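Chain lettering (A, B and C) follows the sequence in which the chains are written, and residue indices restart at 1 in each chain.
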């Protein structure tokens, strides 16, 4: 197992070391679980009380913690960006990543009319249909399904058991996690003379570059045209993106959130876990929707929305405090009643 | 790429043409994104303001829009059912559907004791276990798993990476989207002398005809007997249907909604996105449950339920308006107090 | 089909028989659907009204129902634990379980450097990567993916199309249902100089013994260290467990619930359907969270939490009754106003 001195780590992080620089560190852990040969971190004064009881040998500190009282049984490294620094340290001790052999596994079923780039991995029992095009340096892991005429860019990682259906496109340097389904039919039906009629879903899903899609998330193909996930969008697990949705650059949808048909998220929007966005609405750039909220109407840029139906934070807090304010008001009314009764006597 | 004149399109739709009937159209788009060689539609007066700025060459109109002011740079086709008409036009320009070869891919693992009908597609790396029966004209796409003694009707489409577990049945002309899991064990446990004991789940899932099941949706097998999805039911993505649930004809469950054990939906019920239905309750025919609602008790036929716990729309609106009504009442009480104080002086 | 007399069933259950002990029973059903040759059960006085109209030949009763009025057209068997007894009877009539052949299917792709125990089933088109270790008597069903260096214990059942990613571990006698994804990357990003930067997720998921994981549920790998599911935990379908979560012994998470990063559930906690647990909080032993609730803050042992943000049951009920209490108060204020006006005249 790799090991480094506190001094070596501080140099790597370009951080300021306080205390014994000869400590030897062979792993990372949380403050709570760390032992003397592990490095941990404290990024927020709020958790300062966890510092004293921790057994961590070395602790990375953000600058706002630096001036707090620091127990002298530990070595500290003060960093400009403690989150980034800790990620670097994690990397030092991380096991090597899986190496995917750059060839086509003999059990994979690759259609002769598919086009496979250079340095591509196609895992065991993966399926690549006719007309699909796979860019250089891309990994199609075991059991993944790449449909007819699908186009995937370069350096993209498709994890095991992902499904990408006909004609959809995925850009460069994307990561699609296991169980994600790209391009199932949008949910569209209308009443017909003999019952419910399916509305054909003839569009595609277009995923641009540097997008990450979580495990078992589903992104439906458009009724026509495209459902469009733009560059740098990050989507967590078990999220639903309905047909004809547009998600603009660098927006995030957290686990189990959903967005209904034809709605659009601006740039840098954050939809927190389990929140739902109605169909045919616009969420402005930089808006934030709190977890479990239900957003029925469009939101302006920068809005913060919470609750169902979603309100401003102020409205939400006012609603929350209503029961206690009601009790106070009731008491006042009772007192008034007594006074009025005494006046009426 | 196919192209048609406005006249040809109007004839096909049996619609009434207004304006230049010679325009040539080669695709479909939304009002917002359309160009001069594309057809779009306006089905609702509410969106009338989108008409003027649109560059669409041809616009399909519903009859209620026909008498509104119409910019004369476009050709209009007035249709009885604009939704249906637009679907037909989409069909004109849609790329050809995937053609599944009607044979068994050499990498598929079909048990010799499975029975495969005529004109059946079994895709690459699909698995069909012993005793399974697949009806004529059905497609079992790549990577799908068809368990022991499963029965699937005719003309059904099982998308890639669907899982159907032992003894479950699927009717005719159904569509099961990728990642759907039919027949996992219901979630049943009881306290036992040495901890939690699993309650065996020995029933099946029965899916009748013309049912559509969304991507990554799960329908659990019954504890005994069957979980039953009746004809024409349409279920969206990431929905949970628990053991022993019955969903009657033509009901819909939208994305991320769920229904707990032994509950029953009547006919034509709509459960909107992210709503939850408690166990052991009945939802009457034609009832509608709003998105994100939590329904704890049975609902009568035709009910409209909203909120958690679900209320009538009137109750929900009353609850919504409570904060502003509270402020008004508080002001009145404050005024009363002053008056009473002046009387008491 | 198997059949048994009421007497034989009563003896097997060690229950007390009331009525005709010669009735012949060949199946199980609910009170509502049962016929004369079926056995049903009544475990709760609350459902006593279902007894008279039922056609069941034999009904299992819990002791609290025994002294209620019992229609004399049926045979009754009074049982100490009617739920357990009914499960035993279901077992009598259940179809035989699927038998998985104890070998490696020729279409499975098992890396030569994987270690496969004795009496193991590896289904068609399953994939087992380099360095994986599979314990004795374990079933890896068709289409499942077992990643590099994954370790799985003995007697565990991995259903078709499950995905377990590199280095994760699963204990003995676990059941993982179809579509579950174990060990996808946790959702971790931070703002960087050129946009969003992915935080490496280098830890694992550790699942201990006797754990059950529902269909299409996702459990993400830790940022470092492990996401930890301890013994006897039972997780339902479409649940999200985020990175670095710890779930202690015998806790349950019901369908579509979720728990955010670094939070911890105590022992014997129940998180009901669609509920969400915030990140970095602690839920005490034995706490119960109601369905659809959103828990923002830590809960003490034994807490019962309901609503969003979660409150005590008392607070929740107070909030629920607010609209009707408001109307009453408003009426009182109106009356007071009139009285004060009359005094001021």
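Keep this in mind: a residue touches a chain if its C-beta (ideal position, glycine included) is under 8 Å from a C-beta of that chain, and two chains touch if they have at least 3 such contacts.
Everything quoted here is computed from the prediction, not taken from an experiment.
Colleague: As a multiple of 5 degrees, what angle does the CA superposition of chain B onto its copy chain C give?
Modeller: The C-alpha superposition of chain B onto chain C needs 120 degrees.
Colleague: Copies chain A and chain C touch; is their interface built from the same residue numbers (over half shared) or different ones?
Modeller: different
Colleague: Counting only Cα atoms for the centres, state how far chain A is from chain C in Å.
Modeller: Distance between chain centres: 25 Å.
Colleague: Indicate the residues of chain C shared as contacts by at least two other chains.
Modeller: 107, 125, 143, 161, 179, 216, 238, 256, 274, 308, 322, 326, 329, 333, 336, 340, 343 - these are the residues of chain C that touch more than one other chain.
Colleague: Which of the residues in chain C come into contact with chain A in the complex?
Modeller: 107, 109, 125, 127, 129, 143, 145, 147-148, 161, 163, 165-167, 179, 181, 184-185, 187, 189-190, 192, 195-200, 202, 216, 218, 220, 223-225, 238, 240, 242, 244, 256, 258, 260, 262, 274, 276, 278, 294, 308-309, 315, 318-319, 322, 325-326, 329, 332-333, 336, 339-340, 343
Colleague: Can you list the chain A residues touching chain C in their complex?
Modeller: Listed in rising order, the residues are 28-30, 33, 83-84, 87, 90-91, 93-95, 98, 105, 107, 123-125, 141-143, 159-161, 175, 177-179, 212, 214-216, 232, 234, 236-238, 250, 252, 254-256, 273-274, 291-292, 307-308, 320, 322-323, 326, 329-330, 333, 336-337, 340, 343-344.
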